[in-house]
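A, B, C and D label the chains in the order they appear, each numbered from 1.
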Amino acid sequence: MDIRPRDNASSWQQKAYRVIFESDTRAGQLFDIALLIAIVLSVVAVMLESVTSISARYGSILRAVEWVFTGLFLFEYLMRLLVVRRPLNYALSWLGIIDFLAIVPTLAALVLAGSRYLLVIRTLRLLRVFRIFKLGQFIGEGEFIISALRASRFKILVFLSSVVTLAVVVGTLMYVVEGGQNGFTSIPKSIYWAIVTMTTVGYGDISPVTVLGQTLASVLMILGYAIIAVPTGIVSAQMALPAGGRPSYKRVVCHVCQATDHRDDADFCWHCGEKL
Amino acid sequence: MDIRPRDNASSWQQKAYRVIFESDTRAGQLFDIALLIAIVLSVVAVMLESVTSISARYGSILRAVEWVFTGLFLFEYLMRLLVVRRPLNYALSWLGIIDFLAIVPTLAALVLAGSRYLLVIRTLRLLRVFRIFKLGQFIGEGEFIISALRASRFKILVFLSSVVTLAVVVGTLMYVVEGGQNGFTSIPKSIYWAIVTMTTVGYGDISPVTVLGQTLASVLMILGYAIIAVPTGIVSAQMALPAGGRPSYKRVVCHVCQATDHRDDADFCWHCGEKL
Amino acid sequence: MDIRPRDNASSWQQKAYRVIFESDTRAGQLFDIALLIAIVLSVVAVMLESVTSISARYGSILRAVEWVFTGLFLFEYLMRLLVVRRPLNYALSWLGIIDFLAIVPTLAALVLAGSRYLLVIRTLRLLRVFRIFKLGQFIGEGEFIISALRASRFKILVFLSSVVTLAVVVGTLMYVVEGGQNGFTSIPKSIYWAIVTMTTVGYGDISPVTVLGQTLASVLMILGYAIIAVPTGIVSAQMALPAGGRPSYKRVVCHVCQATDHRDDADFCWHCGEKL
Amino acid sequence: MDIRPRDNASSWQQKAYRVIFESDTRAGQLFDIALLIAIVLSVVAVMLESVTSISARYGSILRAVEWVFTGLFLFEYLMRLLVVRRPLNYALSWLGIIDFLAIVPTLAALVLAGSRYLLVIRTLRLLRVFRIFKLGQFIGEGEFIISALRASRFKILVFLSSVVTLAVVVGTLMYVVEGGQNGFTSIPKSIYWAIVTMTTVGYGDISPVTVLGQTLASVLMILGYAIIAVPTGIVSAQMALPAGGRPSYKRVVCHVCQATDHRDDADFCWHCGEKL
C-alpha cells in the first residue's frame, strides 16, 4: 500500500498527513490516542445499546452519541482521502475498508431498517489499538511476539492441522458410538464437541453418556491436555532464541591474546584487534 | 513396507508409480493435492449426510457423490495394487488397509443395510493430509515436531502414567466421598470425572456437591493446572535444544582416575591427563 | 513509604519496631508467623459464618472469635502507628489502609447493620502471606518469579490487549450470529462468553446453538488453545535466561566500518580491527 | 527406611529378598511386572464391582477374584516381612502401610459390613506402578522429571500460594457481589468457584449472573489463563538446564593446542592432555 503524502501536497496537507498517518510527532501521537479513545467510546456505545434495559432508558442519548462518532469518523475518513498520496490505494487497503465500513451502517440505517446491526463492524476499528504499540516502549515487544509467531508459523500450521484432523476423526467416531439421542446428532456437531473437548473448553452442552463414549472422551482429553505442550514448546523455543537467531561463535582463538567467543563472521579479535 | 515400483514394470507402470506414490515430480504433487481434495470432499459429503435436515433434502445428491468418490477411490486403490512392487505388502500396510476400508462400506451397503455407517472410516484417509507436509516448506517443520516428541516420548509416557494413576486414585476417593446420588454412580464414572477435571475440560455433567468433595476437587484442579507445566516443560526443553541435541559426553571412564563426563571428542582425560 | 523507627524512639519502641516491621530477628519472625496464623484464622471464621448451617449453630462462637481478632488487629494497628517513624505515611500506604479496613467493619456493625459484610476486606490481609516469603528459602524464589514477570510485563500487556480485542470482535460477531434467544442477549454478555471460551474455561451457561455460531466458536477455541503458547513462551524464555539477562551487546558502532553487535567488553571492532 | 536383607538371612531368604525388593535380576523384574499386573487386575475388579449393572450379574465372580487377590497380597505381605532386615521398619513405612491396608478391608468385611468400601485404598497400590520406571529405559526419564520438579519446588510453592490467595480474595468478593440466590451460597463455595474458574476447569455448576460478577469473572479468567505461564515457565527453564545445572566452562585455553571449552574443574586439556 502506497501511503505517502501527495507530491503536490500543499503545506496543510503535509502537516495533516504527518498528524493523521504518522506517529513520530507529538501531534501525531495525540491524534492516535484521541482516535483510539473515540473508537473505544463508539464501540462502548454500540455495546450498551445492545443491552435491552439500557437501550430502553438511554436509547436516544446513545443514538445521538452514535451520530456524533459517525460524523467524526466520516470527517477523519475524508481527511485521510484528501491528504494521502494515492487515495484509491488507501480506500482499498484493509484499514481503509474497515474505516469505510465503520461509517456506512449509521447512514444506511436511514434507508434500510435493521442495517444498523452492521455497526458491529465498527469493533474491527479496535484493531487500530495495535497502532498504539508503535509508540515508545511497546515497539520492540510487539515486534518480538509477532516475529516469534511468524518464525514458527509453519510449525503452528502443522500442529493446527493435526488438531483439526484428530478432531474430525474422533468426532466422527463419537457420532457412531454415542448417536443422536445423547446430543451427538450429526457428524459436524460431534466434531464441534471434539474441538470443545480437545481444547479443554468443555461447555458440557454435549457430553458423552455411554461407557465407550466416556472412555474415548477421556483419551481425547488427555491427548488434548498433553498436546498443548507442542505449540507452547514451539513458541518458547523460538522466543528463547536471541534476536539474531541462535548465536554462532567462531571456534577460533586469537593467537595473540587467546581470547575466544568471536563472532562467526569476525575477522579481527574483539579484544586485541589482531587479525584472526 | 516395500513400496517400490515393480521390477518388470512396463513404462506406464513406472510413470504411474511415480505419480501415485511419490511426490517429487510435478505430476506427483498434483496427484497428491487432487487426492487430498477428493478425500476432503468425500468426508464432507459423509458429514453432511449425517445432518438430518440436509440429508432429507439433498440425500439423493449426496448418495450420488458418495458413489462417484467410491468409484474414484476404488480405481485409485486398484492402480496402487497394479504399480507397486509387492501388492500384498501395500494391501496389508496401515495406509493400504485404510484405503481398502474407505471403499468397502458403500459397496457393502448394497448387501447389508446399516453398514454404510462404516463410511466414517473414510475420515481416516484424512491422515493422508500429512503427506502434503512432505511438500516444500513443511518437510523440516513436521519432522522437527515429530522428532521432538519422539525424543521426549518416554518422559511423556511417565507423565501420562502419573496423570492416569492420580485420576484413578482421586476418582475412587470421590466415589466414596460423593456417592451415587451426586452423579458419581460408579468408580469408572468417577475416574472419568477425575480426568475431565484434571485436564481442565470440566463439562459439568458431573460435579461435586459435598463440601469434602469440592475441597478434594479443588486440590485436583490446582494439581491439574500446575501439572500441565510438566509436558510443556519437557517439549519446550527438547525443542530449545540445538539441532545436534543435548551436548553428548563420552560414556568412557578414565582408566586411571575413573573420571567421567568427557567431551565427545576428547582424547585425553580432563582430570589426570591420561590418554582415554 | 517511609517505614523506619522514630528518631526519638524510646528503647521499647525500637524493640517493638524490629519485632513488628522487620523479620530479621527471631522475635520478628515469630511475630510474622503468629500474625499470619491470626489472619488465616480470622478469615476462616468469616468464611464459616457465611455458611448458613454453621452460622445457625455456632454463630455466637464465631462472632466472639471475630471480636477477639478485631481486638488483636486493633492493638496491632495502634502499635504500628506508635512505633513507626511517620505514622501518617504508614496509615496511608496500601498495607496500612488494608490493616485499617480489616478492623473497621466489626466496629461499624454496632452502628450500621449489614456493614459486617465488609469483613471480606479482611481477606486482603492474606496478602501479608507474601511477607513470609521474605523468610529464608523463599527470598530468591519469589523475587525470581516477580522479576521474570516484571521483565516481560510489556509483552504480557501486548498479549492481553490482543486477547481482549479479539474477545470484543468475536463476541460482537456472535451477538449478531446467535442472537438473544440463544443466550447471547447483549454484546457485553457475548464478550463475556468469548472470554469464557478463549480462556478455555467453558462454563456452558451460554453456548452456541446455530451451525455458524458453533463453527465460529470452534475457531475461537482453537485460537485460544494455541494462543496460550504466547505468554507461556514469553515467561519461559525470560526464566531460561541466565541471571545476568540476555547477552548484552555494545550499542557502539565502529567508526570505520560501521559494524555493530560488538561484545559488551570488546575493545576492538570484530570486523575491521579498529579501536572502538 | 532400612530395607536390606536380614543379616542372618538363610539362602532362600536372600534369594527371595532379591526377587521381591530388588529389580536388578531377571526374576526380580518378572516379580515386579507380575505384581503390577495383579494390582491392576485387582483394582479393575474393585472398579467393576462398583458398577451396579455388572455387580448384579457377575458379583459372585468378582468377589471370588477379590478373595484370590487378597490371598496373594497377604502372602506377598508376609513374605516381605519375612525376608526384610527390619520388618517393623518396612511395616511402618508408607509402602508397608499401603500394602497392609490393601489386604485388611476384604478380611474386615467378614466382621463389619460396609467396610469393604475401604478396598479403594487398594488403588493406592497403583503407586507401585512407578517402581516399573526403575526398569531400563525409564530410569533417567522419571528421575529427570522428579529432579526438575524438586529443583523448582519452592518456586511452585510460591506460585500455588499466590493462586490460592487470589482465589480466596476473589471468591469472597464474588460472594458479596453475586450472593446466595445465584449459587454463591457461602464464601467457601465461592472460593471453590474461583478455583474452578482460575484453573480454567469451568464446570458451570455455579456461574456469575450479574454484570459486575461476570466482569469480575472475566478478569479472573484472563488472569488464570495468563498465570499458567508461570509454572510452565519455571519447569521449562529448569528442564532446559543440562543435567549438572548450567554448564560452566573454564575460560582457559590450552597453551599447547589452543583447545577451549574445558570443564570448570578440568586440570588437563581434553585434547592434548597438557596440564592447564
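Criterion: a contact is a pair of C-beta atoms (placed from the backbone, for glycine too) under 8 Å apart; a residue touches a chain by one contact, two chains touch by 3 or more.
Keep in mind that what you see is a predicted model, and the values were worked out from it rather than measured.
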Third chains touching both chain C and chain A: B, D
Furthest chain, CA centroid comparison against chain B: C
Homomeric contact chain A-chain B: same or different residue positions, threshold half: different
Contact-richer chain pair (by C-beta pairs counted) among A-D and C-D: C-D
Mean-CA-position distance for chain D and chain C (Å): 30
Chain centre separation in whole Å, for chain D relative to chain A (CA means): 40
Per-residue multi-chain contacts in chain A, two or more chains: 159, 188, 191, 200-204, 228, 232, 234, 236, 240
Chain A to chain B touching residues, read off their complex: 154-155, 157-159, 161-162, 165, 168-169, 172-173, 175-176, 185-188, 191, 197, 200-204, 207, 211, 214-215, 217-218, 221-222, 224-226, 228-230, 232-234, 236-237, 240, 246
Residues of chain D touching chain A in the complex: 200-204, 232, 236, 240, 251, 253, 258, 260
In the complex, chain D residues that touch chain B: 43, 46-48, 50-52, 117, 120, 123-124, 126-127, 129-130, 133, 137-138, 141-142, 144-145, 148-149, 156, 159-160, 163-164, 188-189, 191-192, 195-196, 198-205, 228, 231-232, 234-236, 238-240, 242, 244, 247, 261-263, 265-275
